[in-house]
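In the two assemblies presented below, chain A is common to both, partnered first by chain B and then by chain C.
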Partner chain A sequence: MDSKRLLSIFGVLLLIVFSFAIAPFLGNPYWSSVLIMIVINILLTSSLRTIFILDEVSLGQVGFTLIGAYVSALVVMELGLSFWAGLILGGVASAFIAMAVGYPFMKLKGIYFSILTLMTTEILRLIAYSWKPVTGGQYGLTGIPSPNPLTLPGIGEINFSSMNNYYYLALTIVLVCLFIMYIIEKSHLSRKWIAIKDADNLALSVGINVMKYKVLNFTIACFFAGLAGGLFAHYQGLLSAGATGRFGVMTTLNLVIYMVIGGKSKFSGPIIGTIAIMLLMEFARPLDNLRPMLVGAVAIIFVLLLPEGIAGLPVRLKSIGKKYVSGVLR
Partner chain B sequence: METSLSFVLQAIANGLAMGGLYILVALGLTLILSIMGILQLAHGEIYMIGAYLVYYLTSSLGISLYIAILISMGAMGLIGLVLERGIFRPCKGDFLSVITVAIALTLILRSYAVAQFGLFERTVPKLASGSLVFFGVAVPKDRFVAMLIAAAMSVALYLFLKMTRYGQAMFACAQNPEGARLRGINPDLISPMAMMIGCALAAAGGAIAGSIWMLTPTMGTLPLVKGLIIIVIGGMGSLSGAIVAGIFLGLMDGIIPVFFGPVVTSIAPLVIVVLILLVKPQGLFGHG
Partner chain C sequence: MKLLQVQGMNKRFGGLKAVSDLHFDVDKGEIFGLIGPNGAGKSTTLNMIDGSLSMTGGKIFFKGHDISGLSPYKRAGLGIARVFQRDVLFDSFTVLENVLTGLHLNSNLGIKDALMPFSPGTRKKEQDLENKAMELLDFVRLSDRPGMMAVNLPHGDQRSLGLAIAMATNPDLYLLDEPLTGMNAEETSFMMETINKLRDNMGVTIVVVEHNMKAVIGLCDRAAVLDYGVKIAEGTPSEVTADERVIEAYLGTEQDVVSS
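And now, the complex of A and B:
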């Protein structure tokens, strides 16, 4: 445990404390709702990057978040289960479907995989949009209860119907998920995924069960996407599957932008990118309809000039600094 | 009996007109995909901007519709040239970068259209007025004009690819980029050409769609999805496959809603595509 590592752990802890302290500091429900959406999108974008470890771009995370959202809302509303059971069941349902379709899906690569996942998302959305008895069809699902109050020893009862408290809840859950994802990222699993990405035939020949690990990757990623859906459902209180809503194509496309601007090859990339772009969208409110244009321009600039994203900035600056220093010394 | 025949004939005419539009979009998509290796997710926005340009030319400058369509095709072709040179060529070869750039382009063009023209619907003059009578059933004439234009452009593209040196060079690039380079074909010359043709065809499709139906800033999503469906069914890079698949899809879109309603219409092609991708990813008409 060298000092550098200690420093970075300290930095992360500081950021976590900061993210908890920020909500009461901003102190209005609007900002709390923005923070909630940022936190949910961080989880979703991270799930996109989990699949990108295999060098595949999934345009279908929104479809799996839809499964999580509807399942967790329905089991709470129809079966009377608690929020926690709903959340977990939403994630499990999403993961289960991902596992069921995983074997044929993961055989495809590149453009084929992206188109396949995009079409799957649209199918799921259209099913939710038209399956009236279950999902409410185009009117959507309304009256999803917010999580039941939680009683903690020493603190007392916490009621999650306020924005602020829901933010704490979502933040805690997402931090736990990110921690698990980080452990996975540092484990043998992600080594195997990287080996498969670099050379799947070679990986196969050294005894890695390529398909098994690819399906596992897809399943894990979709589990977290499902959890993000559950968080979204109980936050919004209503779900609808219109083409321009939360589960439309634009959400998928935005997730890709968040990941690339943040930095696609770093664990912190999706987190940084989601925060940066969603805050940019908030602060650029005066631009109104032109805000997507701003985001698009930023994305193009990043792809062309800084393909490693914001997370790659320190390395880039260091190399520029080194060049400058060596130039001066010479 | 009379009404159902009329419904079916109307549905077939509608379907063929839609099929023609989808083909125009899909031909561009498949050309760009096979020659540049780029999944152009912003192709639907090019279609939309092309349509709005026609709207502007006809309503504000009073130019006649057909000349406006030609001008719009030329302008979008030039934009395609700029896009290829400016943003697509630098990130060629990196799949995620290309997708990101295309998504960014979608955001930019769509928000431009929303800001410039607003969210409410606009109309362009009709391609042709009146209707033709078949078996005692009236079918609007503009559907036929749309089909004719789509067919003429598909044939023109086919002849260009088969008969000219540049067309043959494009084929070569699509089949084997390395080999084409060895034979002295410059990919930096062929790629912009593919992009230009693709964007011009999309603009034509958008203009025709605008004159049959309505203009909205989100009108590009549907043809993009249909275009992707067509290139998967027809096989990526296969022009004849795209045409057959386009007619098939158009007919499905025209006829299914009459019998089964809109939901089946939108889900059925997607399910077919997913099945094709899973069973035979090279498409029904693709090679290898």
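And now, the complex of A and C:
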């Protein structure tokens, strides 16, 4: 293993330790809740980027996270299953629906795919908004229990109704998910996805079942979106599907902005972008309802000056440095 | 033995008849040329043989089986490989990764391998694939730069890599779409040498679309000439180039010259 790779592994480990250590340091439930939402959104934005490997922008991740949220909440409340079963079932339900609609969806490309996924999200939200007996309709679902206390050997009982502890739980789950997504990204599966993105006719001609791999991509991405929904449901304790709420169009647009500003071509992009913009929004609270404008301005600056996003900054700096050095030498 | 049989192939784009009632057979082990002026329907014919374009009418038999309705990836699985004129290779990949992707049909990597990249089983499978890919790169003289981004290769080498990707699927029939366009003399002779070597060493069959007559005469055993989607001649290269209708299609008649 070369030193560069060791260094980056060390850096990632350091960041993980830091993200665990920061919660008690900040020390209040408000910041813990901010951190929880950051972590959940990182998972959601990463699922968006999984589909973007195919060069398709899904505006439907919020819809699939809605499925995960409601399924996870309902199986815990109505069937009395555990949080863990709810979380997994939410992800599976979301993946299952993604697989079912994947074939017609993935036949479409570009703007048509984006519009279709956006419409699907809105339809799912309206179903949740009006299906009163199941989802509580406009009043939403209330009283979703937080996860049962967990007893770990050596640490004792952990109670997840505290914000701080729920943050640890969410962080751990999201880190495991990101690890799995990273492994998939380095595997032969993502090589096939990139091949399909580059030239789907050539991919077909070497025997790759293009539709199968595209639907698989969509299913995997929506599984993780579903998990993010479950995490959200048990953190909030209540779910509602109003147009301006969590499952509204604004969330969808924010996810795209996180991905673009973070860097859409790198695995770290969605992580960096989500943290950066959500923290920016937090620190800009005094600006009140001017905040979306601030984010808009930041997005415009990035698209114009650094289209490869924050994750592309090192490469950009290196090339600027090289130009400068060669200029001096000349 | 007839490896490929095209029977009554038709393609209509709206009112335009791109290919009309085309019949031809290709024997196992021969290099068969599809020639004709620009817009004659050669590439369209090739697209229908590999399945990327559906036929308006007609039937295609490969190794005696009717493959008319099969999707392209299934035809690839049966042993038909296509080298495109434009999408020759995968832009995001290195030279080696391009051939590794071509080896899809010969790899048995599954979901388990995707989730356990460091297991010895997966490592071994990937190492075997890499060795196979390097052998193929050796054949087209690219094994000296496997880590180079494929888009940075010179044009002639890109076409050779495209051939190596097709070879990776281990096909019985190659469909080559203008493999010699835009090449300099040296690249052309290397490509012709490689195509001949492919047939002589591996006994494969090749259908090649070309509009360069000289190249066709040097390469093909037999050729069919298309003009406006209709077959106007078929035979050995020297026969078809002597055919009056072929000369007319390429150069125009004496009357055309006089009137212009």
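Criterion: the second predicted complex is superposed on the first by the 330 of 330 C-alpha atoms of A that agree within 3 Å, B and C clash if a C-alpha of one lies under 4 Å from a C-alpha of the other, contacts with A are read in each partner's own complex, and residues count from 1 in each chain.
As a convention for this text, a contact is a pair of C-beta atoms (placed from the backbone, for glycine too) under 8 Å apart; a residue touches a chain by one contact, two chains touch by 3 or more.
This structure is a prediction, so every number in the text was calculated from the model and none was measured.
Enquirer: Of the two partner chains, chain B (first) and chain C (second), which one does A:V210 touch, if any: first, second, both, or neither?
Expert: Only chain C; A:V210 stays clear of chain B.
Enquirer: Touch check for A:S187: first (chain B), second (chain C), both, or neither?
Expert: So A:S187 only meets chain C here.
Enquirer: Does chain C touch more residues of chain A than chain B does, or is it the other way round?
Expert: B
Enquirer: Would you sort A:E282 into first (chain B), second (chain C), both or neither based on which partner it touches?
Expert: neither
Enquirer: Considering only touches as defined above, state whether A:M293 meets chain B (first), chain C (second), both or neither.
Expert: first
Enquirer: Tell me, which parts of chain A touch chain B in their complex?
Expert: Residues 52, 55, 57, 104-105, 107-108, 110-112, 114-116, 118-120, 122-123, 126-127, 129-130, 243-244, 249, 253, 256-257, 260, 264, 288-293, 295-297, 299-300, 303-304, 307 of chain A touch chain B in their complex.
Enquirer: Can you list the residues on chain B that touch chain A in the complex?
Expert: 33, 39, 41, 87, 90-91, 94-97, 99-101, 103-108, 110-112, 114-115, 218, 221, 225, 228-229, 232, 236, 263, 266-267, 270-271, 273-274, 277-278, 281
Enquirer: So in the complex, the part of chain C that touches chain A is made up of which residues?
Expert: It comes out as residues 50-52, 71-73, 76-77, 81-82, 84, 87-93, 97, 100-102, 104-105, 107, 109, 111, 113-115, 117, 126, 165-166, 168-169.
Enquirer: Would you pull the chain A residues touching chain C in the complex into a rising list?
Expert: 180, 183-184, 186-189, 191-192, 194-195, 197-199, 201-210
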